[in-house]
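Have a look at these structures, which come just after this line.
You will see two complexes here that share chain A, one where it goes with chain B and one where it goes with chain C.
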Partner chain A sequence: MSVGDLLQYLVTGLLVGGVYALMSIGLGLIFGVMRVVNFAQGDFMMLGMYLTYFLATGYGVDPLLGAVVIIPPFFLLGLGVHRALLVRVTGGGDPQRLMDAQLILTLGLSLIITNATTMLLTPMPRGIKTAYATQAFVVGPVLLNQARSYAFLMALLLAGAVYLFLTRTDLGKALRAAADEPEAAGYQGIDVRAMHGLAFGIGIALVAAAGGLLATYHPIEPTVAVNFIVLMFVAVVVGGLGSIPGAFAGGLMIGLVQSLTLLVLPFQLQNVGVFIAFLLVLYLRPQGLFGQRLRAV
Partner chain B sequence: MKSVLTVRRRITVALALTLVALVAAPTLLVPKMAPAAEELKIALVVPLSGRWARQGQLKKMGAEMAIAEINAQGGIKALGGAKIVLREADAGDSVEKAVSAAQRALSREKISAGIGSWLSSFTLGVTEVAERLEVPWFTLSYADNITERGFKYTFQSSPVSSVQAEQALELLVEIAKRNNAPLKKAAIVGDNTAATVFFFKPLREKLLKAKGIEIVVDEVWTPPLADATAIVQKLRATQPDIMFYGATNFPDSIQVLQKIKEFGVKTPIQGVGAWLVTPEYVKAVGPELLDNIKTVVAAHPLKGQDELVKRFKERTGEPFMTQDPLMSYAHVWIIKEAAERAKSTDPKAIREAVSKLDLTSGPAASTLTPGRIRYDERGRRIGAAPIIVQWQKGEPFTVAPTELATRTLVWQTK
Partner chain C sequence: MVGARASRLAGLVPIGLVVLLGLVLTLVLGERHHHRILTLVFVWATMGLAWNIISGYAGQTSFGHQAFFGIGAYVTVLLVVGVRLTPWLGLIAGTLAAVVAAVLIGFPTFRLAGIYFALATLAYPLILRIVMDFLGYQEVAIPMVRDRPTLFMQFKDPRAYDVLALAALGGTLLLSHWIEGSRLGYALRALKENEAAAEAAGVDTFRAKMTAYMLSAAPAAVIGAIYAHAILFVVTPDAVFGTLVIVQTLVVCLVGGVGSKWGPVLGAAIMVPMSEILDATVGDRLPGIQGVVYGSALVLMILFAPEGIYWRLRAFRPSRAVDTPTESAPAAIMAGAAGRSPGAPGTALLDVRGVSKAFLGLHALEDVSFTVHAREILGVIGPNGAGKTTLFNVLNGFLSPDAGEVRYRDEPITGLRPNAICRRGVARTFQVVRTFPQLTVLENVLVGAFVHEPALAAARARALAALAAVGLRSRVDALPGGLTTLDLRLMELARALATGPDLILLDEPLAGLSRDGVDAMMALVRRVRDAGVSVVIIEHTMYAVVQLVDRLVVLDHGRRVAEGAPNDVVRDPAVIEAYLGNKWLGRVAGLPT
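And then the complex of A and B:
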C-alpha cells in the first residue's frame, strides 16, 4: 500500500462523508429542537432527489443548482407537515406517550411516502447523467471525483450557512433557546411551536438539498432512503444527539471509517467498521463526540 | 296530516328499495367475478415494491402478455376454453415478505401453478411454500441449490449458476483466443446475493485455475455499496484481461461503472445476470459507458424472435425485451401446455404433466434455447444453456452462441 493509495482512501472517505454530513445535520436539528426521531427523513431526501431529477430533465437545471433551488419548496413542505401532523404529537403531555405517537407517525409517514412514490413514479430507477459524475480532478497521485467534490463543497457551504444562522441571528438564537429550555423560552416570549415548525422546515430542506447533491452521482429510486437512513442515525448519535456540529462531524466520520475500514477488512465488512466505531464512541463517550453530559453521576 | 304520512311512506319505500339494492348488488356481481372452475389461476410472486420492484414489474409484463395471447386464442382448449388469470403477490424486499406473500397467495384460493420470485434468495424460500402446498412452481432464478433439495414441485428454467459459469467461461476463452487476446488475469467483482455467489464460487475454486487464468482482484460486498473507489483502484493497479461482474443492486452497479470510467480502466466487463441489461442503464449512464459490456443471461431475444419482441414493445412501451419478461412469458405458455395435457386445473395433475412434458414447438419452446422444453427429475430444464448479450449503441443484443446471435460480438481489448 503506497502513500498515494492511503491518501486516495482518506480523500474518498472525506468526500463521501461530506454528503452524509449534510444529510445528518437536518436530522440532528429536528431531534435537537423537537426531540422527535424522524424516521421519514430519508424519504424527504428521496423526494429531494426526484425533484432535482425532474428539474434537470424537464428544465435543464444543473443538479448542483437544483439542490439549492429545491430548498424553499422543501422548507415549506416541512412547515406544512409540522403544522398538519407533528404539532399533534409534540409539545406538552406525557413524554412516553408522545414518543410512541411520534415514532408511529414518522414511521407511517415514511411508509406512505415510499409506497406512494413507487405507485406514482414506478419503481424504475432513474439517474441524472452529468459529465462530472465520471470525471476526476487529478491532484498528484489522488483522483477527486468531480461530482463528489462539488457535492462536498456545497455541503460545507450549506452546513456553514446553517451554523451562522443558528449562532448569529436572533431567530437562530430563539431556535436554540427553544431547544435548550422550551419552558423558559416560552416565558421570554419565544413561540416554541413556531420554532419547532422552523426547525422541521430547515431539517427537511437540508436533507432534500443533500438528496439533490447525491443525485449528481447516485441513481434515484423510491427505496433509495433505506441505504442512508441508518447511517444518518449513526452520524447523529455519534456526533452527540442534538448537536449540529456533532452531526456534521459524525457524517464525515462515517465516510472516513467506511473508506479506511477497507484497509484492514474485506469489502463485505465495510459497514462493520462503522458500527464498531459507533460502539466505541458510545462506550468511551456516551454523550457523543460533541454532546453534553446531561446526567453525570 | 295525510300528506305528511304519504311523504313518510314514500321515504320508507325508497329506503327499503335502496336496502334491497345494496343487499342484492353483490349477488349480482359475484357470477361475473368468479365463474367457478372455468379459470386456471397462476400465482406470480415477485418483488413489486422495494429495490427489486422493477424486475418484478418486467416479469409481470411478460406473464400478462402470454395470458392475453392465450385467452385471445380461446384459452385452454382441453378445459373447454378455460381462461387463465394472474394472481400477483408482492414479494417485497426480504425473504420473509416473499415467503408470506407466497403463503397467502397459495392458500387463499386454488392456484394451479406459480411463477417467481426473481432473486434466488427469495425463490429458495418461496419454493418451500409451493412444495409444502403441492403447487408446481416455475422460476428463472439461477442458484444451484434451488433444485438440489429433492423438491418435486420446483421447475428451474435457467441454466444454474455453476453451469452458466462453466459454459460462459468456455465461450469467452474461445472468443478471446480467436481475437488473439488470451485471458491471463481475471477480476471477480460483485455482491453476495445467492445467484452471484454460486456463479463466482466455481470460477474462484477451479474453473479459472483450470484455464490457467490468475485471479488478481476478488472483491465481494453486501449491498448497498458505499463507494466503488477501492475496487476500481485495484482494477487500475492490476489491469486484468476480464472482469466478472455481479452487482444486482442498480445503484451499486452504476457506481462501479462510473468509477471505472473516471479511473480510465479499460478492462472488458463480463456481467453475470440479466440485471445488467435493463433499459434504465441507458438513462442513468448513457450508451457510451455501456458499449461493449457483455453479460451472461438465461434468456434474451434470439435470431428470428423479432415478431415477439415487436409485440412486447408495442404492448408495454419498453425499449427492448430482456430475460425477465421472456421467461415469465415462456412459463405461462408452459403451464398452458401442461394444463392441456393434464386436462385439469389441479396443481398435482399439472405437476405430473410438466414432468412428462417435451415441447419442441409453440411459443414456449421457441422462446428459450435450445428450442425444447423438458425438465429432469430434479426440475432443471434439460439443455438450458447460457446466452451472452452485449450492449451495442444503447441496446443489448444476443452475441453468443453464434447461431442464435442477432449481432456480431465486438471484442474489446484493454
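And then the complex of A and C:
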C-alpha cells in the first residue's frame, strides 16, 4: 500500500466525517441541554433528505442550497415537537423514570416517522442527480469527490456558525447556562424550558441540514435513519456525552475509522471497526475523549 | 412463616391461569393465521419477560437484548444445518452460548452505569449482525426433515408451536415469579433504586447484576430458537439481531409496564394481535402501518399512562393488607446472629493505621490512626471538611486509601468492596439518608436482612425484628417518601442492624432531628451498644456527643489532632481553641469536673 492510498483513505474518511460531525452535534446539543437521548434524530435527518430532494426535483433548488433553506422549517418543527411532546418527559422527577419515558417517546416518534414515510412515499430509494456528484477534484495523488467536498465545507460552515452562536451571543450563553446548571440558570431568570425548546429546534434543524448535504451523494429511503442514528450515538459518546466540540470531533473520527478500517478489514466489516472503537472508548474513558464527565456544551 | 410460603404459592395461581388460558386459545382457534398470532404473542411476551429481568427488575436498560435472541436462533439452527443435531438439544447449546455471551458482555459493560450502559449494549447485536453477514450466514434455511419431524421441531399442526412457545412463556413466568420473591429480586430492586446504599447494605451489586443478566439471556435464547422454527424458517441476521426485535421487545414491555412479570404479558396480548391484524388487513396497501401503530401506541402511553398498563390498573386495586405477624423477638437481631462473638469489652475491633486519602492533591485524610474497641461508642468530631465522611467511606470500602491500612478483627479490609465489608460485620448509615424510595419500609430493611438469611421468610422475620428494635413496627408498609426525618433515620439504622453487624458507622444520625428525636436516637444508640455492637458516630451536636460517647477522636484538615475521653478532649485547650472556638472555652470551664 502506498502513501498515496493511505492519504486517499484519510481524506475520504475526513470528508464523510464532516457530515457525520454536523449530524452528531445536533444530537449532542439536545443531550447536552436536555439530557434526552433522541432516538428519532435519524428520522429527522431522513425527513431533511426528502425535503431537500423535493426542493431539488420540484423547484430545481441545488441540494447544497436546499440543505440551508430547510433549516428554518425544521427549527420550527423541532420547537413544535418539543412543545407538544418533549416537555412531558423533561424537567423534574426520578432520572431513571424520565430516561425510560424519553426512550419510549423518541422511539415511538422514530417508528411513526419511518413508517409513515414508507406509507406515503413508498420504500423505493431515490437520489438527487447533480453535476458534481460524479466529478472529482484532483489534488496531487488524491481524488476528492466534489459532492463530498462541498458537503464537507458546508458542514464546517454550519458547525462554525453554531459554535459562534453558542459562544458569542447572549442567547447561546443562556443556552449553555441552562445546560450546565438548570436550577441556577432558572434563578438567573433564564427560562430553562424555552432553552430546551431552542436546543431541540436547533438540534433538529442541524441534523436535517446534515441530511440535505448527505443527500448529494447518498440514496434517500425511509429506513436510512437506522444506519446513521447508531453512528451519531457513537460519535457523541466517543466525543463525550454533552460536549459539542466533542460531538464534532467524534463525527470526524467515525468517518476516519470507517475509512481506515477498509485498509485492514473487508468492506462488509467496515462498521465493526467503528463499534469496537466505540466500546473501547466506553470501557476505558466513558466520559469520552474530549468530554468531562457529563458536563454540557 | 407459613403465611409467607402460602402467599408465594398463591402467586403461582395466576401463572397457572394464564397458561390454561393459552392452552384453551390453542385448542379453540381454528385458522392457521390465528395460531401464528397466538405463537407471536407468546414469543414476544417471553422476550419481554427476559428483557424485564435485567432492565425492569435491575433497572439496567439494555438496547441490545436481541443479541441473545439471535445467538439462540443461530446456534440452534446452525447445529441442525451443520451436524443434524436435534434442535431440542441445540436449544440447550444455544442457551448456554447466550449465557456465556452474557458473561463476556457483562464483565466490561457493567462497569458502566445508566445511559452509558444502555448505549454500550447497542453495539453488541450490531457487531454480531455484521459478523454473521461476513461469515456467509446471510440466509440460513432450516432443512426439512420429513422422516422425523418431531425430533427436528417441525410440526404440521400449528398448535404444536403454540404449545412450544407457551411452555417457554410459562417457564419464564415462573422464573420471574421466583426472582420477584427472592433475595436476588430484592437485591435487584434495591440496586436499581440506589446502588451505593445497596452495596452498603451488603448487596454484591456486581454479582446481582451479572446473575440477572445471565438469567435474562437464557429465556431470550430459548425463545429465539423457537421463533426461528415456528415463524422464520429462514434465519437472517436482520430477522434475529435486527432493530425490530428490540423494538418489539421494548414495545410490549413499555406498553404493559416495566418491573412486573405481568407487564410484558399484558403488553404482548394487546400489541401483537393489534399490529398483526392491521398488517394482515391493510398491510398490502399500507406497508409500515404496523410501525405507525406501534409508534403511536408508545407516544400515547407516555401522554396518558407513562407507567404502563399494568401499573395503571394496579393503582385502582384496593391496597391489600400485608400479613404482618404481630409477635417477634426484638433482641434476636443484634450481634452474634452471624455466628461471631461480639468480643470482650476493651479488645480491639477495628484498627485504623496511617490512613491517607487525597483528592486531586487535597489531603482529605492524612496519616490517620485510631482503634475502635469492642462494645464502645467512639465519636468522631471535627469542623466541616475535616475528612469525617471521607473516613467513613474508607472504612466501609467506598474509597480505598492511598496509604495505610484498615484492619477489622485483625484482618485487613482495605480494598474490599463495601458489600464484603458489610458481610464481615461493619454496617453504616449516611449523612443524608439513602433509601430505596419504591420499596416499603419493611422491604428497605429486608435488603439488609438478606445478608445472613438467604430465605425470604427468615429474612422477613429478621427485618421485622430490626424494625421492632428501633420502634418502627407500625410503619412497615409505608413508603420512605411518607416518613419523618426521625423515622427515616430509624429505618436506615434498622437496615444496618438487620445486616447483623458488630460495628456500626453512624454518619450524623442526629442531624435534622428535634430535641425529642435526638433523645430517642441517643437512647437507641446506647441500647445498640449495650446489645454488644460497637458504634462509631460522626456528630456535630456537641452536647449530645459528650453525653453519648465513651471516647472521642478529633479530626481537622484530615489529621487526627486529639483522641481520648470526651471530657479530656473537650478540655484540651488546643482543641477548644482551634476547633470548637473560643465560645466553648468559657462554657467548658463552667462544667463540674
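Assume the second predicted complex is superposed on the first by the 292 of 297 C-alpha atoms of A that agree within 3 Å, B and C clash if a C-alpha of one lies under 4 Å from a C-alpha of the other, contacts with A are read in each partner's own complex, and residues count from 1 in each chain.
Following the convention adopted for this analysis, contacts are C-beta pairs under 8 Å (C-beta built on N, C-alpha and C of every residue); 3 or more make two chains touch, one makes a residue touch a chain.
Quantities reported herein were computed from a predicted structural model and do not represent experimental measurements.
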Answer with clash or fit: chain B and chain C placed together on chain A by superposition.
clash
Would you sort A:Leu76 into first (chain B), second (chain C), both or neither based on which partner it touches?
neither
Going by the contact rule set out at the top, does A:Ala184 touch chain B (first), chain C (second), both, or neither?
neither
Figure out whether A:Asn227 sits in contact with chain B (first) or chain C (second), or with both, or with neither.
first
Thinking of the overlay built on chain A, is A:Pro219 touched by chain B (first), by chain C (second), by both, or by neither?
first
Between chain B and chain C, whom does A:Leu164 touch in the aligned arrangement: first, second, both, or neither?
neither
After superposition on the shared chain, which partner residues are touched by A:Thr118: those of chain B (first), chain C (second), both, or neither?
both
Tell me which partner A:Leu109 touches in the superposition: chain B (first), chain C (second), both or neither.
second
Looking at the overlay, does A:Val139 come into contact with chain B only (first), chain C only (second), both, or neither?
neither
Given the touch rule stated above, what does A:Asp5 touch, chain B (first), chain C (second), both, or neither?
first
The clashing stretch of chain B against chain C, among 117-125, 261-269 or 297-305, is 117-125
Output the chain A positions appearing in both contact lists, the one against chain B and the one against chain C.
115, 118, 123, 222, 226, 266, 268, 271
Taking the touch rule as given, give the residues of chain C at its contact with chain A in the complex, in rising order.
59, 61, 108-109, 111-112, 114-116, 118-120, 122-123, 126-127, 130-131, 133-134, 192, 243, 247, 250, 254, 258, 286-292, 294-299, 301-303, 306, 437
As the complex stands, chain A meets chain B at residues 5, 8-9, 12, 16, 115, 118, 122-127, 129, 133-136, 143, 145, 217-219, 221-224, 226-227, 255, 258-259, 262, 266-268, 270-271
Chain B to chain A touching residues, read off their complex:
48-51, 53-54, 56-57, 93, 192, 219-222, 224-227, 229-231, 233, 250-251, 254-255, 258-259, 261-263, 280, 283-286, 289
In their complex, what parts of chain A are in touch with chain C?
37, 85, 88-89, 94-97, 99-101, 103-105, 107-119, 123, 222, 226, 230, 233-234, 237, 241, 266, 268-269, 271-272, 275-276, 278-279, 282-283, 286
